[in-house]
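Let me begin by handing over the structure; questions about it come next.
The first chain written gets the first letter, and so on, giving A, B and C; residue counts start at 1 in each chain.
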């Protein structure tokens, strides 16, 4: 399986890698474990921002979670060089900017998890935590960091 | 030491493994490191829910933190097959749904940490962060994810 | 490079290692990966506390993020024995107690990231997520946990 062919089949165009908005790297590797920095819920000029349950619907937030993964793949493509080096997805830690009465963070983050499964199949399945926050950097609605295993 | 005997001594009955409420696995393993998904503060039908410091007392929340670990062990028992494969607890990352004026998240999470120490002794000791959030999935009061080392 | 000489050049005096306010260890190691517990934004008697954007300015919070790292180094010095055993910084996960209208968590956490780069240079660069929360333990403004690679 070639990741880039699979992305084409899924009609996903990787954007330019988002420039880190701070003094950090897109990822760090220890042995064959890759720790990827948090990525936010925008795609090119389309931003999913504000609190889910108040400013943003569940469906918009799910799209936002998907955007986080697309940005992460763009960042890894740019800095790692070849997404085919990824063997499997290990874990997501996802934060959802949430109204106090919004409790469906897992449904939001499914937008990210489904995309990883669509790309890598069984190897795309992962451990996960979906957490609420009262706000997020740049007022984005979702931020997701991840751990991958490399070949 | 047999973990199941120890659980019996501590009068802990593992419930059915909670079904993941989303598209994720109970854990992923890389080498001998196991990343366990976040688990919430309920035991069978008893739910600890709402904001600590407003809807929930410290004592109830400590019980909720304990429930998170019991659910995690149930999930690992079910998916890993044998809890005796765990060598030591590495780290907890714990989130406590908190009123803005509640600052004792570490005391809440001690309910989880103490249980791990009760079960595994020195091997149950771990690194930890205890973090507040404004809300959590399903309005539960505590969610905890963990890293374990396997034998 | 000797870390202690570098700290002296940067005019940083490590405080006493903060006593963990809970039933946990300052760090746990698996192989050559060290998981460090969350540390808070105080230095000796100087506490940076309250919500950034409301009670605390960006500049104070950046200092608070720096304090988190200084406390972490003090804790690792005390429990690991020798900071020169650190090969590189892998990842930070940083939480900033934030007013709902404060969106510059990455700028806050740069206070921590810059210090790590000042100490270790390229080896101090790291993956990172900067997340908001509505409050934090002991009402501190910043809490940061980290992963290091050891030699």
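The rule we apply is simple: contacts are C-beta pairs under 8 Å (C-beta built on N, C-alpha and C of every residue); 3 or more make two chains touch, one makes a residue touch a chain.
These numbers were taken from a predicted model, which means no experiment stands behind them.
Q: Call it same or different for subunit A and subunit C: same when shared residue numbers make up over half of all numbers used at their interface.
A: different
Q: How much rotation, in degrees rounded to the nearest 5, is required to superimpose subunit A onto subunit B on the basis of Cα coordinates?
A: Rotation angle between the two copies comes out at 120 degrees.
Q: Where the centres are mean C-alpha positions, what is the separation of subunit A from subunit C, in Å?
A: That gives a centre separation of 25 Å.
Q: Which residues does subunit B have that touch at least 2 chains other than itself?
A: Within subunit B, the residues that touch at least two other chains are 31, 33, 93, 133-134.
Q: Considering only the defined contacts, which subunit B positions touch subunit A in the complex?
A: It comes out as residues 21-28, 30-31, 33, 35-38, 93, 95, 97, 133-139, 143, 145.
Q: Mind pulling up the subunit B residues that touch subunit C in the complex?
A: Of all residues in subunit B, those touching subunit C are 31-33, 88-93, 98-107, 109-110, 113-114, 117, 125-134, 147, 149.
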